[in-house]
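By letter and in written order, the chains are A, B, C and D; residue numbering begins at 1 in each of them.
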Amino acid sequence: MNALSALRPDPGADRVVPPSGFTARLVVFTAAAMAFLAVFTLALALAAGRLAEEWDSALARSATLRISAPEEQMPEQTRTALTLLQQTPGVESARALRDEEQRALLEPWFGPDLPVADLPVPRLIEIEETRDGFDPDGLRLRLQAEVPGAVLDTHDRWRRPLIEAAGRLRLLGWVAIALIGAVTAAMVTLAARAALAANAQVIAVLRLVGATDAYIAGAFVRRFTLRTLTGAAVGTGLGALAVALLPSGGEAGGFLTDLRFAGWHWVLPVLFPPLAALVAWAATRSAARRVLSGLS
Amino acid sequence: MIELENVAYGYGAKGDAPLLRDLSLTLAPGSFHFLTGPSGAGKTTFLKLCYGALKPTQGQLRLFGDDVAAMPRDGIALVRRRIGVVHQDCKFLDHLPVIDNIALPLTVSGQVMEDQQGNLDDLLTWVGLGARAHAFPPELSGGERQRAALARALILSPEVILADEPTGNVDWEMSQRLLHLLIALNGMGKTVMIATHDLMLIRAAKAQVQARVLRLSGGVLQAAGADL
Amino acid sequence: MNALSALRPDPGADRVVPPSGFTARLVVFTAAAMAFLAVFTLALALAAGRLAEEWDSALARSATLRISAPEEQMPEQTRTALTLLQQTPGVESARALRDEEQRALLEPWFGPDLPVADLPVPRLIEIEETRDGFDPDGLRLRLQAEVPGAVLDTHDRWRRPLIEAAGRLRLLGWVAIALIGAVTAAMVTLAARAALAANAQVIAVLRLVGATDAYIAGAFVRRFTLRTLTGAAVGTGLGALAVALLPSGGEAGGFLTDLRFAGWHWVLPVLFPPLAALVAWAATRSAARRVLSGLS
Amino acid sequence: MIELENVAYGYGAKGDAPLLRDLSLTLAPGSFHFLTGPSGAGKTTFLKLCYGALKPTQGQLRLFGDDVAAMPRDGIALVRRRIGVVHQDCKFLDHLPVIDNIALPLTVSGQVMEDQQGNLDDLLTWVGLGARAHAFPPELSGGERQRAALARALILSPEVILADEPTGNVDWEMSQRLLHLLIALNGMGKTVMIATHDLMLIRAAKAQVQARVLRLSGGVLQAAGADL
């Protein structure tokens, strides 16, 4: 019997196995609860992943070059630096900040009245990296030679730990999902074996009236597969609904304040119920075979 | 139909001497046998061998020509559809009404119950369970359970009927009635074997049918004494 | 029967209930898996909580006052501001930054050679708040009157979203723990009821030989309570071990890179097994009572 | 001991007429009764009333002087320790060996098995199960189960013994032996009631003991005909 035929009802065989209220509810509930937890964990993992990526691309892909030089050399050095940057592989674009922009950056420290133009402030150049990024050490070497007053700041040391932490959180989420999956499989297997053991007498009666092992196993397997599918579908549905109803967290944070699935990620939770049913099918089938060949 | 050649059987746990030994017997089509012997002699064990629930520890046992030792489990399932068995402890599926329990052999062999409705109704009437058809097994009295078990054994029109103490819980009139049913089926060519302690039943049967009475004692099968 | 007596063995009563291998394993496994998950979630929630608190105290408890004024008024205004701050309730200490300190702060922008003393840079005053903090609006009003060139910067708008996010993560963690607890309780209840239903015949036999309801219920309750306790203890132990063995994440991040329990937090996971056992006891007891009064 | 006054009982589902009605009977200490009647007449139901497994739908039933209608469930549990019952379907705890099953009434009433070891051994020998004491119930033959059930009913030395078809699955010699055991117990002052179809057993008993034979038929209790 393959996994799909486990979903085709067989009214005769389905009736001969007793309804077993609480084991049934236990399986449906377990599948639902675990699916619910899995959807939430998935949302968390995806959000952490999104965050890590966002930060990574927003930060690692931009860098600042600061040129401090005597007033008269400034334009020359700025131009050299820009040319050099444009030739560097991995640099998407490079642009010297305008005076107003520099003033805005300095405002928190000096107040709005700072005469940037009159000060020996360094010139800032904003660098956008390509996807692959540039080699900061190589760039530093070349700059040292050609633009002595330049200091390259890749922002790394400031936010790298945050990105790492988000990555770790994502990893933790996926590990938790795997764990939840394994736990669900084990629980369904144990529940199936418990149900088979509890129904030893039913199995004996069926054997005595000439039922084949495939017939008996089929009745149990079908039931557990369907229950797991139902439970996981309900749990996934509720989980997805809950995630969708979570407050978006507004513009401000962005960090984990929006757990909702984005775009194609909605496909992932939809995969849970069939996956759970497949696991239940395999687990019950092997459990049924073992129990049936064990009972004489 | 069922042929035993020097068959022996022992429940592993007992270790030493087998419970049954040197069993040689052929249940020919259309024959009628009684099996008797003291409690614990091995009558139920003997019947279990005959329907393939146990495999001989020695000797050869053939069911419908096939050696059970070589039979796969599904083969035994198919053989059971040709042998109707009334078990001494009459187990049922307690969540299904009596009528569905009686029709269970039909269900598991993939036959549709509706096609056999007439047959089913006749049987229920014969065993006096017409009024209790929709009760559940735990709601039956001891005798009603035995009669339901007999009906279940007969529903597939098996070639062989093995009945283990089928009248232990019913009154004398009912036991006569069930005996008549089995004799009638034997008259239609079915092979019948009844394990029982009830010597009055055996005497009553011998007055109506050509029956052989076997006695299990000390682990071996003998022809019964002249008093039966 | 109270919860503690559920742990006292009664060899006679314990034997009359069949060992029921798979239901037993199911309960032990469920309790263990859920406890494991709960320990991890707890570690995450606590780490998020620690983080939120750290950030909160590190950031919200410090503020900066920036005084921009003509050179000659600077010392005077600085002194007025410091006096005023010392009189403000909620201010722990206030201190004008030394020139070197200001230079260090400005270095990223201007390079190391900035002549701070010669520039019209504002004077920065670092404020440490007390636990309760000061009232920023009240302070701003008083400053406006007495130190016209002062701007109060409470840092709030920069990192508030991060603190909020950490707080949310903590909340999510606690919700998840509550959910795991509820799911465990439901599973144990269902498993207990399934076991009671599967043992209807055993119960019938016990009744027929004169066993009281309390005796029968006791045998089941004791068994489920013990199994849940065992499972939860194993799961908690493994979870705590896994958490303790997690890499510390080094000095750098601090954010979620150290999930390990700190100080008295170790007490929390230790509470899980007895709590789980208590839940199991209550759940099984009510299940047993219901089943026993249902079966005639 | 057990007093019925105009008791009626009907299984709810049947709706209309009750299965049993107008039952008035007193089982005096030391009396010996047989209960007979066709299969499904209500013999088992009658015995269930007598040990408090069912409560009368009408009339009054007193067990050891207490009205069962007002008895809490635990009260019934205690009453059961004073009444030994041999059930028709002899259910056991399949995970415990026969000897522990027989000692079960001791276990659940908090008595220590060791104290009664002598008693237990005697009983096992009497019912012929000495050799099977450590087997598990599913390994017993039908007759062995019935004998184990009888032993279990007697282990607490109950004042009343109710036996439902205790010899349905045992051979004639064994049934005589069990009957002698019950008669001996009756001689020691115990009240005994046996429900059976086995007229030969009743006849054999009447030759040895002062027994009253009751017949259930059409839902009412009558004294049996002169042939018994």
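The definition used in the following text is that a contact is a pair of C-beta atoms (placed from the backbone, for glycine too) under 8 Å apart; a residue touches a chain by one contact, two chains touch by 3 or more.
Since this is a predicted model, take the numbers as computed values, not measurements.
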*asked:* In terms of touching chains, how many steps apart are chain A and chain C, taking the shortest path?
replied: 1
*Determine, using the mean of C-alpha atoms as each chain's centre, which chain is farthest from chain A.*
D
_Please tell me the distance, in whole Å, between the geometric centres of chain A and chain B computed from their C-alpha atoms._
63
*How many Å are there between the centre of chain A and the centre of chain D, using C-alpha atoms for each centre?*
68
*Can you list the chain C residues in contact with two or more other chains?*
none
*Take each protein chain as a node, join two nodes whenever their chains touch, and name the resulting shape: line, ring, star, complete or other.*
ring
*Touching pairs among all chains present in the structure*: A-B, A-C, B-D, C-D
*Using the touch definition up top, name the residues of chain D that touch chain C in the complex.*
53, 73-74, 77-78, 80-81, 85, 87, 91-96, 100, 104-105, 107-110, 152, 156
_Residues on chain B engaged by chain D in the complex (per definition of touch)_ = 11, 13, 36-40, 42-44, 88-89, 132, 135, 139, 141-144, 147, 164-165, 168-174, 197, 199-200
*Residue ranges of chain C touching chain A (in the complex, touch as defined)*: 20-23, 25-26, 29-30, 33, 36-37, 40, 44, 66, 68, 105-106, 108-111, 113-115, 119-122, 124, 151, 153, 160-162, 164-165, 168-169, 172, 176, 179-180, 183, 186-187, 190-191, 193-194, 197-198, 249, 252-257
*Considering the complex alone, what residue numbers of chain C touch chain D?*
12-13, 15-16, 18-19, 201-202, 204-215
